[in-house]
């Protein structure tokens, strides 16, 4: 391969890595924006913890666990701490990964992905989870569960052999996070005040909608790298198609969610608009390289409707998901994965069944492992902060800090 | 063309597309920051509406309308909904656009531009425009007016034939938006309290200056893509020159505006500094590839002075432009367009006259179409919210939401 | 060199330039977030001043001063205002800089670096420095001191001849800023209320921790360009290694600082976590291309510990550094510079001594020049605002503006 092409490929992948990294600011802003100010420092701490510890864990073991085949003849998938010593032969040349990028770029791009799963959970459990318990969960979920499921498909494992397709992770990233979130909010219970005496859900308004909106726009920007980088090279045709399908699905998801929610609730709901954009993005992720622009718009439009009814469903189940993570990442993740069997170049009944199998496998493995981890943590140290702490805010109790020291606040 | 060069070109254009997309967060932050908290959700909603609907409209028809020549033998410029079906032959290869990028990248880069015109209007009409009426205006302005004017020059139309030059859109983007803004604030009238009984303008302070400053820095960052991508390839000499002229004009515009305003008003006015940066950016946009760095600095310095007097002029005309959009985008857009006839490689009296013709054509077409659209909307559904709604804030009335639920506010 | 490779190199360098530019938003957010709301407009003004004036100064003279060898036969290092006239022969072709980038890209990338040194000082002197005095200091420090020290190594001067190594500026950027910060806070004195009657330091809480955290994440993103661009080409192996070492050091620095501070103070301190990330980034900067990933983690872990004790040391010395700039940029800058002699490909006792010499030379030159400039400014116009102004806030007094006009505030 000519040096120019290899270099251009690697440049694109490094840019995408930076964009996926930046998604962690998007997640932080979204999560802060949609919750109360008294838990802001706690949320920031969790998110900074996830990106730093997640990257180190992926370095220590996750990368090898997820891509076991890179160094043949080695001891197998559990070569913990094996990564750091040296790059494999040819890892810095076009011999590696068909000239798409270097071994170092590969690691860093995948490492930025890894932390995302835990971040999704973080939003769902906000405002009541014990920090230490969440940290333990994060370490195990990012360090083990995510790479194992990833290995099934991206590491060339059994789901890959079956013909399962998940371009950039509707299932492998978003549903993995989504199942963790669902199990976690089931075990945690709702925030105090979320459901009235009559069992009806009450809105607990977010405290900073500019940051929430900024979070979604930053996430959309990050998705240029999340999906665009999943081409694993800068192939002009594929990368540019992927950006088009990604952006059109995002736009369609947003518009569809805002119109659906306007028809259902008769008001212009900004948070539904924002979550619709995210739903469109998650929905297109599994097949971003397989769809025409028209199909991308359809997938986005459906995702937007799914979001509105998904959020209502979570409420009806008496589950409390402050940021809508389950509707966005789990339900739209499933939708996107199945859509690969319905629309696009791979559509077909057999493919649909394979996609369903992948969804089911992730569902079983992630919900069981999440349950086991969280149940064990609950028994050992408890999952939830005390009532006092929840009412007064986690910031003061866990961090001794106030996110907005100079501002006067309403108590609630 | 070698694969490496084509790939590198396309990578740059995709990066620029992402940066132009990110400008929408910049516009949102700037607009929020310079207005009152009670209208924040409304502004965010408008901006998210513009980027999502704008992209879909450009997909449905705008792209074909603006670049009618792409598929010869077709029915002409009104092939609505024609885009999505398939890319043209050669659209993914270096045969297309001299190897500068693929057809998909072309669409997405141009699509991100399209929404900008409406965003400019959004800032000017903030805090009093009816959401539904603004949406209708946006749809027509972004879906039809912007692509038609664009086609005159960038689509190879009559202005292009005349020799008019507008590198990245001082006229085609910024003035198009600016004329819409000017007509809109004329028809809307000033916000309650903007002009005293004596007719003197009163400052209505913005509620979040960190977001306003962040907005300007994000817009500056976005301009790396807005101007840098308008080279339509990654040509090293031209792209890097364009980034240098762009950044120097921005810096010069900011410094000049702050010094001018210090001399005029004897205080260090942050918002004037920020608008000066934007003025410099808008001013260099028409000729960013034609100027030497020295000329870029001069254009920026003049733009900064223009901003200070432009803002004062708008006030004197009893027009109410909460964010200074007319001074920044219209007046500096005109200045930048004319500057191509005064400075740089194309300077000359004939060129100046052609530039003036382009300015005049955009002025006539945009102000008339904006007037017709807005006047019709005003008759049908009204442009302006009720007095109660304006006083209590659009967030509560149009959205049933509060942007900062936990914070205590001053009433005004 | 093939056109594709040259173009890919230049694309990467332009992307890195944009990312380094974006760091100025990161610095602004961090500085705002960790200080009080009454000084927010002032901080924003200073930061916007630094980036605009810094770029213009670098254009007028700094670039030539720092890289005197570019145009041989010229009058030497003091060719002020020489830059803008024309690019040197070959400056736009692969003949220049081994095809790594064009002359324009070179200027802009270096120009974005230049302003950083003053930004570091800005954080340390926040909430009490006179705006005009700070501007004068900035102009001299960015316009003269920074380029002179830079010329010693990056301009091929005596430190370079000695074998001193500083990949991306642990010393040449961060320590230069850090020494300025240290001298400035010594001459300025502590903010009113920082030290009690008993001499014990009291925490003055920052007013916007979401912005502080966002600032650090934006800075981390910017470091992709700061270190990744310091390769001065897109060489796939080196750039990707540099991104890996940079990110691992950041993660390790954050985790190490939060654990150290938890052990020392028994709480989960978000600002220590954030400063630990920055410490790791500054620490890896001198040797980002020389270290293995394992060594990068070790350098980051040590930087995290250094931050916690460094912040405590500054307090003990009765110095008041609101954002921790001295611990982050000066102490970790020294640590990173020395680490090149301890770890990585260049490690060795001789190298360590040379690194020590570079640290010492920067210490002497920067602290003396900073002292002279600041002392002179102090004598002429004073460095510090009046007590009334400090208590009531710089925003009202210097700018006549309120950063958050609609919000109710606590007085302190």
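A few remarks follow.
By written order: A, B and C. Residues from 1 in each chain.
We take it that a contact is a pair of C-beta atoms (placed from the backbone, for glycine too) under 8 Å apart; a residue touches a chain by one contact, two chains touch by 3 or more.
This is a predicted model, so every value here is computed, not measured.
If you sketch which chains touch which, every chain touches every other chain without exception.
Although chain A and chain C share one sequence, what matters here is the overlap of their interface residues, and that overlap falls short of half of the numbers used.
These two copies of the sequence, chain B and chain C, are related by a rotation of 120 degrees on CA atoms, to the nearest 5. Averaging C-alpha coordinates per chain places the centre of chain A 33 Å away from that of chain C. Across the assembly, chain B contributes residues 2-8, 11, 15, 208, 404, 407-408 that each touch 2 or more other chains. Taken in their complex, chain C has these residues touching chain B: 2-8, 10-11, 14-15, 17-18, 21-22, 24-25, 28-29, 32, 40-41, 44-45, 47-49, 51-53, 55-56, 59, 83-86, 92, 101-105, 107-108, 111, 131, 208, 211, 398-408. Listing the residues of chain C that touch chain A in their complex gives 2-9, 11-12, 15, 19, 36-38, 205-210, 213-214, 216-218, 220-221, 224, 228, 234-237, 239-241, 243-244, 247-248, 250-252, 254-255, 258, 267-271, 273-274, 277, 292-294, 297, 404, 407-410, 412.
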